[in-house]
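Below you'll find a set of structures to go through.
Look at the two complexes coming up: subunit A is in both, with subunit B in one and subunit C in the other.
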Partner chain A sequence: MFAFLVDARIALLNLVEHRRRTIFLGSAVAVVTMLLVLLTALSTGVRQTLIHSATTLSTGHLNIGGFYKVTAGQAGPIVTDYEKVLGVAQKALPEMDFAVERGRGWAKVVADRGSFQSAINGIDIGAEPAFKKALDIESGNIDDLAKPNTILVFEAQAKKLELKVGDAVTISSQTTRGVANTIDCRVAAIARDIGLLSQWNTFIPNESLRTLYQLRPDVTGAIQIMLKPQYVEHLAPLAARLRSSLEQAGYRVMEPDARPFWMKFQTVSREDWTGQKYDVTTWEDELQFLMWTLTALNGISIVLVVILIAIMVTGIMNTLWIAIRERTREIGALRAIGMQRGAVARLFLMEASALGLLGGCVGVVLGAGVAALVNAAHIPVPKAAQLFLMADTVHLAVEPGAVMFAIVLITLVSGAAALYPSLRAARLRPVDAMSHFG
Partner chain B sequence: MKKNRLVAALFLLVTTAVLGPLRSNIAVAAATKQEMVDLLKGVDDRQKNQGDWKSGVYIEQKEKGKVAVVYDALVFRRSADQKFMILFQKPKASEGQGYLRVDKNLWFYDPAVGKWERRTERERIGGTNSRRSDFDESRLAEEYDPEDAGTEKLGAYDAQVMNLKGKAGLDLAFPVIKLWVDRDTKNVLKRQEFALSGRLLRTSYYPKWKKIFSESKKADIWYPQEIRFYDEVEKENSTLILIQTVDLHSLEPNLFTKAWLESKSR
Partner chain C sequence: MLGIWETLGVIAQIAIRNLFASRWKTLIVGGIIGFGALLVVAGTSLLDGVDHAMSRSIIGSVAGHIQVYSNKSKDELDVMGGFSLDSGDIAPLDDFAKLRETLLAVPNVDRVVPMGISGALVNSGNTVDQALADLRENANKRQGGESSAAANELYQAEKGHVRQILSVLSRDFDNVRKVADERAVSDDELEAIKRGSSDDFWNDFDKDPFDHLEFLENRVAPLATDADMLQLRYLGTDPAVFAQAFDRMVIVDGTAIPPGQRGFLFSKYMYEEQVKLKAARGLDKMKEGRDVKHLTIAKDLDLQRIVRENSNGVRELLLQLDAIKTARFRGKLQTFLSSQEADVGKLLAAFFKMDDGNFDARYKFFYDELAPDLELYRVRVGDRLTIKAYTKSGYVRSASLKVYGTYAFKGLERSPQAGSMNMMDLVSFRELYGFMTAEREKEIAQMRESSGAREIDRNNADAELFGTKDTSDTSTEPAPAEATAPGVAKTAYERPHAKLHHGAAAKAAPTEAAVAPAQVEATEPPEQRARTAAADDTYDPKDLETGVVLNAAVLVKDERLIPQTMAAIEQAGVHAGLPLKAVSWQKASGFVGQFATLMRVVLFTAVLIIFVVALVVINNALVMATLERVREIGMLRAIGAQRRFVLSMLVVEAVVVGILFGALGSALGALILSIFGKTGIPATSDVLTFFFSGPRLYPTVGGQNLVFALVIVLVVSVVSSLYPAWIATRVSPREAMQSEE
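And then the complex of A and B:
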């Protein structure tokens, strides 16, 4: 232990002694660490934004959805008897924070200037304060969505149909029995776009959705379950437990299928059953079509990190080669007064690791600072990127775990980069080293 | 006594004068209801082939701000078991696609994916504003209860107007229909379809009717050569159907099968 401390002291003194080199190499390590922190923060930020936007707009952390088939070929995305089903879920999931019911439908929204196909979401706005917070209302009053036959549309949709608050639109669809029906709605609010989901989603009161699809009051589209924060990352076992509880309660449950409900229509329509089947999904299932953005972003981050680390390793190795060359006589002297080969190697390893640790700490502080500045600056995301990132400004999330990971990774990589030069230095014979000139 | 007789005679006279026409009106109204049912049956019967049917149809869908979609298709029907099939021939992208009704299910086949998809019977054919029922045998009397809505002059034609309400328990695309029928020929001249909410969704015109002799029926049958649908929700959208050829000869027994439809795109 004492020897270790002595070696550590010598290593630190060496770093101080060769101040210029230490500053140069330490800065490079700090920059790499900072970039690593920022890339991780970007990836985490996008993931957080995606979860937040999506779980507010169109999915819970867990969902109980399903299909009711009047005939084998006629499937409606509805959950019958939802209050009893919610009761089962509440018993099965103590991890549940709260749950909301959302109507689901697909219809044509028609105005004087045109039309678009839309996923119609039924919402009880009074019961969803988080929804109100998640949306940035451009015009109108979101609370008016509590009134029957009102609709919330997004900026791009309003622009396409030249809609203003108070304008009338007709929503045209078929009931679950395939009968044509319409409702006339007044635009209550226009919200700013929040990515891909706002391209096709619109919101109307649950009661209006029930009128459109001729649904009974005990029928809804899906039960969206929000979990307490500590359970959000552990969805698979909770989904499995919920599925099994529903089955035990006598409900028919669909096989796990990691796709959003609207991608399951064809599969469900091909099957011969009729009546109700429930479906348990996670937010990742419901947003499976968006998850590739996270995967792609993570992939790009990993590639960039590998390149940066490779550059850093090359720099450290080169610098140590030079240092060893410069300090060959010093190594010879140390070996001559009795320092073992292992201690010499350890000395250089400690020097590099200490450099990595210091550079890493500085890099993390820099990264966190830059991330805070970027968040404060509310840098706008280009429109095309908004589609997938589901945010209109760049959000970077620096998490303590990611910070620790960055410091440990950089320290270990710095040490690893020094391994070969250190072993080479340790292999020098004292006589040769002391007679070295250069 | 004499006075009493006079009062009784007066009462009888008044009763006859007041209730007589009313009674005759009730009789007329009842007859009108039956007449409407008979008229609706007549509309169906005129078009019923009671055998096999093959027609070549042209479908054109115009939508605001979009390029017109045009299809050439063959429609096959068999009255005996209500078989129905559509095979698209043009455009190239839709060649080999088709709809087949098996029992109460309508199936759609796309050779590009090689899969059958079960669709609702009230599916918009090829994404146009036409439905399966627009190409199928007329079954208005089976599906709707008619009510007299008076008469109207529709161009040169005297039309009987009827309000049709979907019969309970039947899943119909349009729960309410208003129908204009030529009083002379019993051909449909105009039709308006309404949503459950009462909103007018589609107005159809049947400007040309043609007759053809049916061996299986041993009589002439009538079919609309041209049908024009106007979307009443999206006012600028319209669909045109032209029935260009009709062949009433017997079709192959195994025609109404998935295998047959699949074979057409191999």
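And then the complex of A and C:
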């Protein structure tokens, strides 16, 4: 322990002595760390925006959806008997925070000044305090959504259709029977946009959705299950457990299929069964069609970080090379007075690691600062990149875990870069080293 | 005093000697610089390649060089379609003839193609329709005197087929009741189904087959719910003009839409992907996966999914089989699989459980032995397709169009982006989109007359509209009036002042077509059966020329002048009183078109970041090197070298490293790219064929890529050498000579 402290002290003293070099190399390390932090923050930010908007708008952490097939060839995104099914889920998942039922539909929303295609969500606003909290209402009163034939739209939609609270729209769709049907709704509230998904989602009371599709009251679109925060990251085993519990309770459950429900129609319509089958999905499944952007973003980040780290490693090795040459006589002296080879190697390793740690810490602070500035500036994302980043402003999320990871990675890499030069230094024979000049 | 050239020569000499003297430093700095140059050359060349290929794809498939649309539109035009089927909220341009005249007067404009893009869910016809049509055909033959044993057997088999479907249908109605409330199913409908599946009905069938068939077609078939819905995007245009302007377009099946005819062309990609029998499409995909991409069923999850889906989804095949075909399938499959199983469904399921060993044999067996008895496409070339579209104001309009064939763009056959667009004549498009056409105006005038031109107040008119969205299409009954409205439902159109007319239309409809009111209220309009109605499919070419368009594609003579041409077009619009907005193909193709730009931004950001870090590291390395050479520099200064000399020496050193390794890196990058340029980079996915404008991308290294890379590299090496050089100039001879190191 004592030896370690001595080594650490020598390493630090060396860094202080070669101040200029330390500052240069340290700043390179800091820049790389900063970029690492920022890239991770971007990726995390996109993911957070996505999960936030998705779990607010169109999916739970886990969902029990499914299809009801009137005939073998026609499937509706319907969940029958949902109260009993929810009961089973509650027993199977103690991790559940709460669950809500949402109707699912796809229809044309028509106003006086235009129209658009929308995913219509049926919602029971009285039972969804979390939804109310998550939405930022621009005008109107979200509680009015409890009344039948009301609708909640988002800012961009309202702008496009020139809608105000109280205006009437017509929703036009086809029922399970393929018959066109419409309902008239009054705009109850206009909410601020939540990422890309709010471009096409709208909300109406469940009751009105049932009227639109002529459905019975014990039928809904999906049960969205929200988990307690600590369970959100590992969904696969929970989904598997839910699936098997439903099966044990005697319900027919579909095979796991990591696609959103609206991509499953074709597959389901081909299968030869009628009646109800339930489908357990995670939010990632429901958003699978958007996940490629995250994958691409992570791919680019990883390539970039690897290249940068390679350059950084070259720089560190180069510097240590010089340091060793400069200090060859010093090393010889240390060896001559009895320092072991291992200790010499450790000295240089520690010097490099300390440099990495310092540079890393500075970089993290810089990265967090830049991220805070970017977030505060509300930089708008150009339209072409919106699809890529899922949001209309740049949102960077610096997480403690990612910060720790960056510091540890950079420190370790710096140490690793020093490995070869350090061993070379340790191999010097005291006699040769002492007689070295220059 | 030495001349400047001699000085430079000396400096260069010293610099090069120094480079060799401190090899490690040269290698590290050079390595970073060379790698950077390689990255820049390869990256920019590749992007240029993709950019160029994509521009050909987009310009050649639908966008043209410039898109022109109304500047009053709420959305920006997106011809490739973002998330929705249509091209955004685009305000119409009223008179295409005037538009074309205005555009053609602009210099550099070569061709103008009228367009409108929209989309709809399309009912591809269901099994009941198909079976009834077959039965009718056989009944016709029977009445025509054909009474061979084979013909009779076929007739009986068809009857059995229809009857079996009806029994399924009545079961389906029990299922409907479990989810739908009582409003969804009326007593009339239940009555109809009960009668259709009763023994009495079938015992009497042969007495008057046509009367019975009519009942089934009009009252029962609309209740069948198993029709497949296709999501179709379509482009309304002048087919002949389009084919001339976009010469990559080729007809794959059937023929082009003849001039003056209403009609529909599927994109070949869509036709294969959505209209083909799913099992057959699955087999095609597996074959391609195995033969082209060298995947195996044992390892590839997608292929395994197809096997599973095919094996679970034999229903679509079974529904196509009548008694005779069922027997034939049973025999063939039993022999082929050497199985005793009598149930054809189970035989088929076993047949489709394929593995890598038996795939090729079974694929061949399917197409040679089974396919001839199957309808491989749900909509055949020559069939009529009923398209029901929402107009802008949310009403449902429908048109029944003849499918003339399929088309594709050369080199882009496999691309979902290029293949997402189907085509129809512009006149039908306008009707589906809810525009007034000359023909419809006339028609409405007639209807108003015949209905006594009743005045209808606005409230009442609205009630009519919303109550009976999907009102009577008269093509069910081949009424004489039909001739003027070829399969187009008479519903609402979008202009507010026209709503009044519509009220009249809705009122008039029942008198025109004897459709039971209950049916008008609540059921699917039976115009799918328009197949039987002989509709008039022609239009006056003048209508096409003069009417409304949403946008127009402009092809130019000289691509380099696109920005000027765009400005000239908008200018011409102002003069002609047309609210024109001209956008380049990149802009008009939305996200797809800006993809290359986005990639460029990403690449340049990455290059920038890399070079900033490289700058710091190189700078650092050079500072180290300079500090090491303090004594040497002091010596030089002592024997009379000026500070400027020392500075230039170090900068020249950096420049030499930059040029040397920059060139090396660029050459390596160019070499790699030229290898790819020869062999081509294969488009590994269908999506990539669009970005590569064909199955392979052949990138080339342009001079500008190399120059760009060298310039960056030189700037970086000079900038990174400035600070170390400055340190060197601070060295005073005395200090340097005294210093120990």
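Operating definition for what follows: the second predicted complex is superposed on the first by the 393 of 438 C-alpha atoms of A that agree within 3 Å, B and C clash if a C-alpha of one lies under 4 Å from a C-alpha of the other, contacts with A are read in each partner's own complex, and residues count from 1 in each chain.
Rule of thumb we're sticking to: contacts are C-beta pairs under 8 Å (C-beta built on N, C-alpha and C of every residue); 3 or more make two chains touch, one makes a residue touch a chain.
Because the structure is a prediction, the values reported are computed rather than measured.
A.B. asks: Using the superposition on subunit A, decide if subunit B and subunit C clash or fit.
C.D. replies: clash
A.B. asks: State whether subunit B or subunit C is in contact with more residues of subunit A in the superposed arrangement.
C.D. replies: The partner that reaches more residues of subunit A in the superposed model: C.
A.B. asks: With the two complexes superposed on chain A, say which partner A:200 touches: subunit B (first), subunit C (second), both, or neither.
C.D. replies: It touches subunit C, and subunit B stays clear.
A.B. asks: Tell me which partner A:21 touches in the superposition: subunit B (first), subunit C (second), both or neither.
C.D. replies: In the superposed model, A:21 contacts subunit C only, not subunit B.
A.B. asks: Going by the contact rule set out at the top, does A:304 touch subunit B (first), subunit C (second), both, or neither?
C.D. replies: second
A.B. asks: Looking at A:35 after the superposition, I want to know if it touches subunit B, subunit C, both of them or none. Which is it: first, second, both, neither?
C.D. replies: The answer is second: A:35 touches subunit C but not subunit B.
A.B. asks: Could you tell me if A:321 is touching subunit B, subunit C, both of them or neither one (first, second, both, neither)?
C.D. replies: The answer is second: A:321 touches subunit C but not subunit B.
A.B. asks: For A:269, using the defined touch cut-off, is the partner it touches subunit B, subunit C, both, or neither? Pick first, second, both or neither.
C.D. replies: both
A.B. asks: Let me test your reading of the model: by the given contact rule, A:216 touches which partner, first (subunit B), second (subunit C), both or neither?
C.D. replies: In the superposition, A:216 contacts subunit C only.
A.B. asks: Common interface residues of subunit A with subunit B and subunit C?
C.D. replies: 70-74, 108, 110, 114-115, 170, 172, 174-175, 177-180, 182, 184, 214, 266, 269-270
A.B. asks: Inside the complex, what are the residues of subunit A that reach subunit C?
C.D. replies: 20-21, 24-25, 27-28, 31-32, 35, 68-74, 76, 78, 80, 108-110, 114-117, 160, 170, 172, 174-180, 182, 184, 199-200, 210, 214-217, 219, 266-267, 269-272, 274-275, 300, 303-304, 307-308, 311-312, 314-315, 317-319, 321-322, 325-326, 383-385, 387-388, 438
A.B. asks: Give every residue of subunit A touching subunit B within the complex, in rising order.
C.D. replies: Against subunit B, the touching part of subunit A is residues 70-74, 108, 110, 114-115, 170, 172, 174-175, 177-184, 214, 266, 269-270.
A.B. asks: Going by the contact rule set out above, which residues of subunit C touch subunit A in the complex?
C.D. replies: 24-25, 28, 31-32, 39, 74-75, 83-85, 89, 121, 123, 126-127, 168-169, 171-172, 175-176, 178-181, 183-185, 224-228, 278, 309, 312-316, 319, 345, 390, 392-396, 466, 469-470, 522-524, 591, 594-595, 597-598, 601-602, 606, 609-610, 612-614, 616-617, 619-621, 623-625, 628, 741
A.B. asks: Within their complex, state which residues of subunit B touch subunit A.
C.D. replies: Where subunit B meets subunit A, its residues are 64-65, 104-106, 116-122, 166, 171-175, 193, 195-197, 199, 201, 233-234.
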